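Each remark here refers to the structure printed beneath this line.
A, B, C, D and E are the chain letters, set down in written order, and residue numbers restart from 1 in every chain.
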């Protein structure tokens, strides 16, 4: 019944050589992907015209990277994504904690949440455009709508995970509601929130791109749309690579943050120890 | 000073300065004239400062225009006919793009693989044919082609695929034929695919395919603006029609069409007037093919 | 005999805590356990009462009900004249599951300090209290560690430090010294007694160590096996001034000790007071 | 005196378990704790050795190293001539964190049965073993409950039942009776001794209860405070036939008991063997 | 006691939806915007839209694809998640690659999938899998990583074999978090069901909605959205029932110490 006394260390000393650092492994993995994407078209498994080899994509990427247009598009995308994600995160966490810690509220909102969650953002596009036209707010609406649910559900499950003894301790010492949230519920839910952040971040990115692509608000998505309708395959994939790399970067950030804020959690402490 | 193409500062036009208008377009060859017109200063002449916003299709463009978020939009005529028949208050302003009217030398057509047994539109019976949007201009015109070739259009299996994905699917054999437009048509030809019919040509001579439109509300509240836009647009269309090289040159500025392709592209025609005949044909086709139940009043739709 | 059972009706007006006909039935998924059948006793203000009973007798259940963390099936708990329905102010509990009651995301220091912050104590006073209590349990050195970096006994001492730093009026302790060595245990026993005498707090102390219950308490409540009732209340008539060596070697201590031991053995054999 | 410290070099060939120069340093984020400095001792096959030491001395750390769950910083653990790098077969451990070592998704019965299934025992034998061991700890009635429906002491007994049902050669127990009442504790002590005698297993038993260590063990290893070394190994020269009443009242028992107590007090005061 | 409880629960569950529907009804009652038709009109066309053959022709095929795709994603996500969560080197190797794919929007991903899987049902199922996978995978990885160390040590000590470790330790231990992922995946699955039907489809709820949208049959489009929402509610009810069964121990632990009543 006690908290961990020892970090179980299956990996601490037995393997005397240090395990390869995560970034190196990651690079090896990505190199593998590059190799596959290079070889599959070259080996003729798919037609080069429709899935060009990686080198061609990278060449197209290098070409685009020389244009100012690309960089403004990238910035637009990142800006819309960041704002949307931030709104969704804050709203998801706040509402998740409020709803999650009040069983009555939870029961009352359950069906509404389940009704709204599966409504695809694409179906909302006309409405978004109706409200905000083709500027970034339309896309923002879609981004927030889609990623909000991801965060919310994670937080709801995270709040449920609070250890009953810890919860009783908090009640015993008559913690104020806000303290309970900050010192008991929040840390417990944090691993779930981190996953929510990672899920929400990619969904937000996806919707940002999709929104730009369909609505035409400025950003990489619009560039992709242009490339698609121009039949420019390699430049299109070049842009997709950029989108994918944003995803990878977000994950690096999330993992770094996790090692800091979840030091105390078994998932981190057993690995760092 | 009508020659001043930069943003006309105070008093270039009598009507109280420059009006800003947003136009929602699709980044395809069809809208080259508006880019040209902007470049040539035709809009500035009319005291208009146009901002071109690209979008992927009607799902975003029609609501944007109807709600007044943008002043004008670009769309194919069938979509507008359908919208009108559902009481969506859209109003055509000026023609956008049209068929060249030359069989086999149009900007859109039905392609099959080189070795395909399909020789004519009639052979499409029972085959899978890709169009970019079901129940819209492309499948109705393909049906028209089939009818013209003496086939039964009901026997076609239409498959909806985005244009960029048609040629890979054709290659793979998941579809038998595809209705494509430029630049995919030129790509297909380059790949060795065969054009078996020009569906727009088969539908009507010099079919007007697409147009610029606005909302009824704007047309009523600011007819002058609409008028000026139409005037500038017509001049642009004319200019584009007369200067195909200028069209080819402007393409890379707003599309990513491969430079090696631009020369071999077949450009659409850029009519200045809407062919009422085309509208009537497309409306009839829409009704016949069950896209709409009641034909909209042509007067409401057309300027 | 040497014991003086306190009558059930002895609800004097000086009682701080009254437990009246407490019954708790756990129900859930095909299992119905009558953990506590009928408990009735009083605790006067400033009293130190120990509770002993066989494993699974319902001591923890009782403590949870007293703390207002668990609703009784029947009966009631009255503290200072008011019925307990939620944790009352000024009460601290050391849980049997000490490890789980520490917050792993906080350091030892923060764990002890947090309730004081909630009480609204000024910073300086908090610092002093935390330091003193950690010092008292011998963990000042480890104050920067996280609970999961500590041994079982150390964790338990952190939980104790947290409770005593809180300066409660009523202190509930559920086998608080189970995980510490004999010497530390003796020290902590003396710590609790000195705190109790100095601050005049009321203590309810659950333990399995019979010597400990006799050494610490003014009264020992012995519970029967489940379904649980009070088997006997043993008044500990040892001098108030106690210390490990002399008190434990008193003949009276041995008498009381063997009496309680006797009772526990009876309880384990299923003996119950007449009519229950 | 009555003790015979076993020399460090006494690595007889009959030793089942050899702990050689064991050192464990916990390192992590600005906190470096030398939990165990240098432990060297042997345990012969079929021996019952108790380990006592102040809270935080590193007993749990030692046990985890012996069990192959934790890698030592220096030194080694050799079991049956082979260096321990992962949990060896035929070993059972009762963890100090008994509550956390039970699978909450399994019932009591399933918890006890699972390791037997893994051992590949036939169904009938499993049933018998589970039943016997649950019976032995007095929990047969509760076999359908889940661990979190049990009291602390009951959970601990489930963990014990699981270990004894496993019929290990080597049994490691980390304060296994901390949460049970005095009578149950006595019963369980006798259970362990009878198992040990009947099956000839080797037992390493960590406890804080000095009486218990003397009553149970053939030898008591007393650890110093951290950084930990062996303070003394006390051979318990009581007759092998022990029972709660007579053995505990032997004068020799009292002697040994107070000697060990003395050592613990020394350890807590920071006393260390010369030169360490 | 029991019926009153039931009634109370029903009131709690229905209050908010009723209020929201009422607001919707009143707010759009006099709406002239064709994109915001009055709710009365939407309700009016609901029956004729969905109960004249569309239910079997569109809803059921969609649900079938969703079902297959969702279960496949669940199996794949849990399997990969357990592997990735258990082996740190594996995680280091594949995580960036997975993150890369995770960020690619379906409208871009689908064409690539079509290159390999054609345009039939397989493609649509694959699209659903490609979206549902991530929440399950990520949550499984984190659930496996966050397993209690004492439990893990217990399993090692008693030398549980790989099979028992998986079935008796890892999966149950991670199951609360896997459930969170599975819950997420459910609604994502519905969304991707719609998106997959934007490509090369000839039936399905999503296909129907998109057709309505394109042909400006706005009230009908709204009925489609309502259908999606109702599917969402229905599936979540089923999900909760399954979850309550499978996670009864977990819910028990959480409720064991809570004050009842």
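Note that in this section a contact is a pair of C-beta atoms (placed from the backbone, for glycine too) under 8 Å apart; a residue touches a chain by one contact, two chains touch by 3 or more.
A quick map from chain label to UniProt name: C, D = NitT/TauT family transport system ATP-binding protein.
Only a predicted model underlies this, so the values are computations on that prediction, with no experimental measurement involved.
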item	value
Any chain in contact with chain B as well as chain E	A
Pair joined by more contacting C-beta pairs (D-E or A-E)	A-E
Length of the line joining the C-alpha centres of chain A and chain E, rounded to whole Å	17
Chain centre separation in whole Å, for chain D relative to chain A (CA means)	48
Cα-centroid distance, chain A relative to chain B, in whole angstrom	38
Interface hub residues of chain D, defined as touching at least two other chains	26, 28, 60, 64, 69, 86, 96-97, 99-100, 149, 152
Shared-contact residues (touching 2 or more other chains) in chain A	1-8, 10, 47, 50, 126-127, 130, 165, 168, 213-214, 236, 265, 269
For chain E, residues that touch 2 or more chains besides their own	33, 35, 115, 148, 150, 153, 156, 213, 252-253, 256-257
For the chain E and chain A complex, residues of the former touching the latter	9, 12-17, 20, 33, 35-36, 88-89, 91-97, 99-108, 112, 115-116, 134-135, 138-139, 142, 145-150, 152-153, 156, 176-177, 179-181, 183-184, 186-187, 190-191, 194-195, 198, 206, 209-210, 213, 221, 224-225, 228-233, 236, 253-254, 256-258
Interface residues, chain E side, partner chain B - complex	33-35, 111, 114-115, 118-120, 199-202, 211, 213-218
Footprint of chain C on chain D - complex, ascending	26, 28, 30-31, 33, 52-60, 96-97, 99-100, 144-145, 149-154, 157, 175, 178-185, 208-210, 261, 264-265, 267-268
Residue ranges of chain A in contact with chain B within the complex	47, 49-50, 125-127, 129-134, 213-216, 222-223, 225-233, 235-236
Chain D residues touching chain E - in the complex, by the definition given at the top	64, 67-69, 86-87, 89, 91-93, 95, 97, 100-101, 103-106, 114-115, 117-118, 146, 148-149, 162, 166
